[in-house]
Structures are given as C-alpha cells and as structure tokens.
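In what follows, chain A forms one complex with chain B and a second complex with chain C.
Coming up: the complex of A and B.
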C-alpha cells in the first residue's frame, strides 16, 4: 500500500510537471462552457454575421436549460473523449519508450501496483477536470437559462463519468502492450468509436452498453427519472473497467518479462 | 446589427471569464515553450501554433510538442 501511494505520488508529480493539472481542467471547462454560451447568443451571432436580406426573419426556438446541459455532455462525447485519450495515450507506452518503466520495474515494484497507480492517477485527473468543467457548465446554464436541480446534475455527472472512466481504462489497456503512444491512442480511439457506433445503431439490443450511458444521463437530465436499463449499463461498465484493468496487468506482466 | 449596438455590458461579465482562462492556457504554453530546452520540431513553429490556433494550439503543444525523448 505504501509503495502504491509512492507510485501514485510520482504519477501526480509528473502530471504537475507536464502541466496536465492545468491544461486538462481548462480544456474541459472550455469544451463544456461553449455550449450554453453559443446557444444563448445564437440569435445575436446570426444577426451580426449573416447578410440577411431585409425582412428575413429567423425564428430560433430558445433551447431549454435541460437541452443545453445535455448538449454540453454531448460535447464531452466527442472532444472530451479526444482530450482524455490524447492526455493519457503515453501513460505506459511513453514510459516504456523512454526507459522509465524499466528503471522503475527493476526495483521490487509489483506490476499490479505500477499499472493501477498509473490508472488511479489519471482517473483522479479525469474526475477532477470533468467535475470542474461540468460544474461550470451547469452554473452557466443556471445563469443564462434556468436552474437545474443540483441532484439531477450530480446524478448525471456520475452516470456519464462512468463512461469517461471506461474510455480511460480502454486507453490504459492498449497502453499495456503497445510501444508507441500514438498507436495506443489511435487504437483506443478506434475502439471507442466502434463502441459508440454499434451502441447507436443497435440501441434496442445493447441497452447494457457502456456507450449508452450518455443517453441515460441525458434522459435523466430531461425527465429526472430513469429506466431500469441504466443499472445494467452501470454494472457492465464497472465490470468492464475491472476486467480491462485486470487484463492490462496480466498482459503488461507477460510483455515485460518476455 | 452594428458592433456598437451590441449590448456589451451584458456580454462581458459572461464571456470574460472564458477568455481569461483561454489566455491562461495560452500564457502557460508560451512560458513553458520559452523555458524548455528542446521541443519536437522547431520552436518558432510552436510559437505560431500556440498563438494563432485557438484552444487547440496549446493542447497540441502540450501533447505533441513537449514530448521529451
């Protein structure tokens, strides 16, 4: 445990030196906040940019507060995922490339501790950045549109956060056996896109898919209640995270000894 | 609508914090670029990228440019 905390500390220190603690939260804020602001100013933006003929009237229905918050979450599902994968694609592969992993692993450090400490460090960064970003978005929606109950916000936060964690774990998994950070990032992105596309196309049959968590979080914000399917998705995500993490430890151990 | 007709008093308190954190991101990237010894590729290219590619520029710098081999 002591050793694990040391590794986690090293991870957090490294993220500070990489400025990850600064740029990842800022980017998460920017991604989420653009949505309420552009939605709010859309009529004025169109007025000031478009050369509309006189008398042309564009009636834009003002989106509801819930719709805007859902749109923020959807932004996370594209740009947010990209940021998560970009920021964590070198997590193990990069260290292996530079030889740092070898330096650490000649010491009596367990492979489990090495991988899980890395994963935990990035999870910490992800959840803190995601919370700040989503909270700021919720706050802006509250100012510009309408207040959404905090309990709805926090529940959708946790439901959707599970999907982000799942994506992060996929990246860790690909990191465990690939040497190049770029390849790990690319493969994770491909896997995530395939998951999203499949879950979107066959949504009736794969209600348990972790990629469906976005739509569950959205319906939760819109209606304040949820179908029972959400539990199957939550359980499967947690299970998937544990399996992927376990798998990456096993593969990492094999690869490193070989 | 002319620019002068835009209700700035109403827009600034809402948009200013966003511009501010964007500037923080940009400033940190530039400060780090000045202080760092080696980057991936020529430094002046990164200066242009950070300054002129909004938001994405600094991110690209932190992800690709700073990679120390």
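Coming up: the complex of A and C.
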C-alpha cells in the first residue's frame, strides 16, 4: 500500500510538473461551455456575420436547457474522448520507450501496483477535469437558459463518467503491451470508434454496451428517470474496466522490459 | 560466501542463440568484471541477472532464495544508458527509488543525502535531472542502484561513456563500494577491469571462454617477452640467438625481434652475451610482460 501511494504520488507530481493539472481541466471546460454559449448567442452571431439579404428573418427556436446540457455531453463524446486518449496514450508505453520503466522495475516494485497506480493517477485527473468542465457547463445552462435539478446533473455526471473511465482503461490496456505511445493511442481510438458505431447501429441489441451510457445519461437529463437497461450497461462497464485492468497487469507482467 | 549461482544459463532470440550456456558463481564483496567484445552477450547476461529479461533455460539462484523467486530486492542495477524522469530533481529521484525499494520515508531521505555526497553530485541535488550532464547521470545511476544496500550491484558499462576524470572517479567509487557488496560490471576496456577487479569472466560469442582471478589469468597466459631493436634489418641476426636462449616463439618485424621466453633471467644473460661478443648494432633492449590486452586477444582468437 505504501509503495502504491509512492507510485501514485509520483504520477500526481508528474502531472503537476508537466501542467496536465492545468491544461486538461481547461480543455474540458472549453469543450463543455462552448455549447450553452454558442446556443444562447446564435442569433447575434448570425446577425453579426451579415451577408443576409435585407428583410430576411430567421427564426431560431431557443433550445431547451436540457437539450443544451445533453449537447455538452455529446461534445465530450468526440473532443473529450480525443483529449483523454491523447493525454494518456503514453502512460506506460512512454516510460518503456525511454527505458525508465526498466530502471524502476528492477527495484522490488509490484507490477500490479505499477499499473494500477498509473491508472488511478489518470482517473483522478479525468474525474476532476470532467467534473469541473461539466459543472461549469451546468452552471452556464442555469444562467442562460433554465436551472436543471442538481440531482439530475449529478446522476448524468456519474453515468457518463463511467464511459469516460472505460475509454481511459482501454488506453491503459493497449499501453500494457505496446512500446509506442502513438500506436497505443491509435488503437485505443479505433477501438472506441468501433464500439460507438456498433452501439449506435445496433442499439436495440446492445443495450448493455458501455458506449450506450451517453444516451442513458441524456435520458436522465431529459426526463429525470431511466429504463432498467441502464443498470446492465453500468454493471457491464464496471466489469469491463476491471477485466481490462486485470488483463493489462497480466500482460504487462509477462513483457520483457529490456 | 556465494551471492549468486548461475547454472547453464541460455538465451535465444528468435531461435538465434545469444547466450549459449553460462556457469559461474559470484562471491560476496568481490568485484567481478564481465569482459567481451561488442555483441559478445554482456548486456544480455546482465539483464537476465537483473530480472529484466527471462532466460530461455538455466538457473539463477541467489543465496537465501530459490530459483524463480523474486530476487529484485537483492540487486541494484545500472543500465548502459540510464534514463530518469527528467522532471524530477536528483534528490527526488533518489528518495523515490529508496521508497520503492522498501525504505521508509525518513530512511530514504537520509540515505539519499548520504549517496548524493558519496557520488559527488550534492551541489546539483535540487536541479532537474533533465539538466544533468552525462557524467552526473551516471553517478546518479550508481546512487540509485545501491540505495537499498543490495547484495549484488550490477553495472552495465559504467565507465564507457565517461571522460578520463569521470572514469577515474567512478572506478574509485567502485573500489570503495566493494567493501560492502559484490559488484558485477561489464566493460570492453581491459584497463578498467584490471584496476578494480578481483575476478574476470571472459565472454565471447555467448560462451564463457576464460575466467579466474587476475593472478590466475596472468600465470596462465602471460609470458615474458624480450624485444630487441637493431639499426638494420633484424632478420640476419635471428640465427645467432637460437642456441643461447630457450625460445618459445619469436617474431621478427623489420628491425625488431621479439622473443617469448620461459626463464627471463637466463634469456637476458644469454642474449646480452651474444650481443656484446659480436658487437651487434643494438639500439633498444626491452623486457616486458604480455598485457591483459594481448591475453584477451589470444583467448578470443582460440
């Protein structure tokens, strides 16, 4: 446990030194806050662009508060995923590539602790950044549109956060056996896109897919309640995260580090 | 007391045998050099001993543990090109290494301080490692390898990348380290081995071709050698000496003759007598011993 905390502390310190604690939350805020602000100011934006023939009147229906918050989450499903994968694609592969992993792992360091501490460090960064970003978006929606009950916000926050955690764990998994951060990032992205496309196309048959968590989180915001299918997706996501992490440890232990 | 016992160690890479069966034993508080040309298998051997790669077959047994046990707490390892976290300071890295090796927070602080002083980078302890020079990184690498007082310190080419001053200091450091632990280090520079080592393992093409203490190797392979240099072509005089000295072999190179002899005293008197009697045009007379370098070449050529 002591060793695990030492490893986790190092991850947190590293993220401080390379400013991840600053830029990742900022990017998450920007991604989420873009939605309510552009939606609110859309008429003015179109006006200022001009180029419209005199007398043309465009009636833009004001979106509802719920729709805007859902749109924020949808932004996370594209740009947010990209940021998560980009910021964690070298989590283990990077250290193996430079050789510092070899220097650390000739010490009596548990492989399980090594992998899980890295995972935990990035999870911490992810959840904190995601919370700040999503919270700011919820706040702006409240000011510019209408207040959404905090409980709905929190519930959708946790449901969708599980999907983000799943994506992060996929990246860690590819890191356990690839030596190149680029390859790990690319494969993670490919895997996530395939998951999203399959879940979108066959949504009726794969209600348990972790990629469906976005639509469950959205229903929560829109209606405040959900079908029981959400539980199968939640359970499967947690199970998937544990399996991927366990698999990463097993694979990583078998790799030769030199 | 033996620290580690290696039995029939082999390593294949894609069916290509890199290490073809090594047997040796390392003793406590001794410094052992692993010698060999580039590609002889030195690094592979050291990486197997440090647990970074797994042997294809064979046993590595540390005293007090069985083959296959995790022995990482017993060893300290410095790779050939050590890489650190560039964003850490030297002190932070040592404390981190200490804590990972099982020292308490307080102990790693004390030990890090000690070692920074010992390896001579104390004034740079609060600088980022990214700003360190090659020599400083090498010293930091040695410090992190010994922070948990391992039974065996494995150093892969610890001095090859250093300038003469750095080399001197690191070799002296190894000399003082020897009082506490066993050291196994690889090098292709024989002088370094000669300077600090008690024993030598010669590795060639994945096999141990020779091993033993310095004295044993000298006795076994070194020969007395007398060089004569003349004003003119030496070949014409070669015949004159055949009766007076028991020569094992001789080589003639333009103005020079080298005799490899068994009894140096007898040979010396005999040679000088002939030279004086005949008043040969001698310009140089030199008695020497074959260097380790030549021993090395001879062992490798076999």
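Structural remarks
Everything below uses one rule, namely that the second predicted complex is superposed on the first by the 255 of 258 C-alpha atoms of A that agree within 3 Å, B and C clash if a C-alpha of one lies under 4 Å from a C-alpha of the other, contacts with A are read in each partner's own complex, and residues count from 1 in each chain.
Rule of thumb we're sticking to: a contact is a pair of C-beta atoms (placed from the backbone, for glycine too) under 8 Å apart; a residue touches a chain by one contact, two chains touch by 3 or more.
In this text the structure is predicted, and so the values were computed from the model without any measurement.
Taken together in the superposed arrangement on chain A, chain B and chain C fit without clashing. Seen from the C-alpha centre of chain A, the directions to the centres of chain B and chain C diverge by 80°, a value given as a multiple of 10 for the model superposed on chain A.
Contacts of A:98 after superposition on the shared chain: both chain B and chain C are touched. In the superposition on chain A, A:55 makes contact with neither chain B nor chain C.
Once the two complexes are laid over each other on the shared chain, residue contacts for A:107 go to chain C alone; chain B is not touched.
Of the two partner chains, chain B is the only one touched by A:23; chain C is not.
Look at A:83: by the touch rule set out above, it reaches chain B but stays clear of chain C. Using the contact criterion defined above for the overlaid structures, shared-chain residue A:7 touches chain C, although it does not reach chain B. Superposed on chain A, the gap between chain B and chain C at their nearest CA atoms measures out to 8 angstrom in whole units.
Residues 18, 98 of chain A are contacted both by chain B in one complex and by chain C in the other. Listed in rising order, the residues of chain A touching chain C in the complex are 2-3, 6-7, 10, 13-14, 17-18, 98-100, 102-109, 256-258. Contact residues on chain A toward chain B in their complex (touch as defined above): 18-20, 22-23, 26-27, 29-30, 33-34, 37, 40-41, 44, 47-48, 83, 86-87, 90, 94, 97-98, 140, 143-144, 181. Considering their complex, residues 1, 3, 6, 11, 14-15, 18, 21-22, 24-25, 28-29, 32, 55, 58-59, 62-63, 66-69 of chain B touch chain A.
Those residues of chain C lying in contact with chain A across their complex are 47, 50-54, 70, 72-73, 75-77, 79, 81-85, 87-88, 96-97, 99-102, 141, 144, 148.
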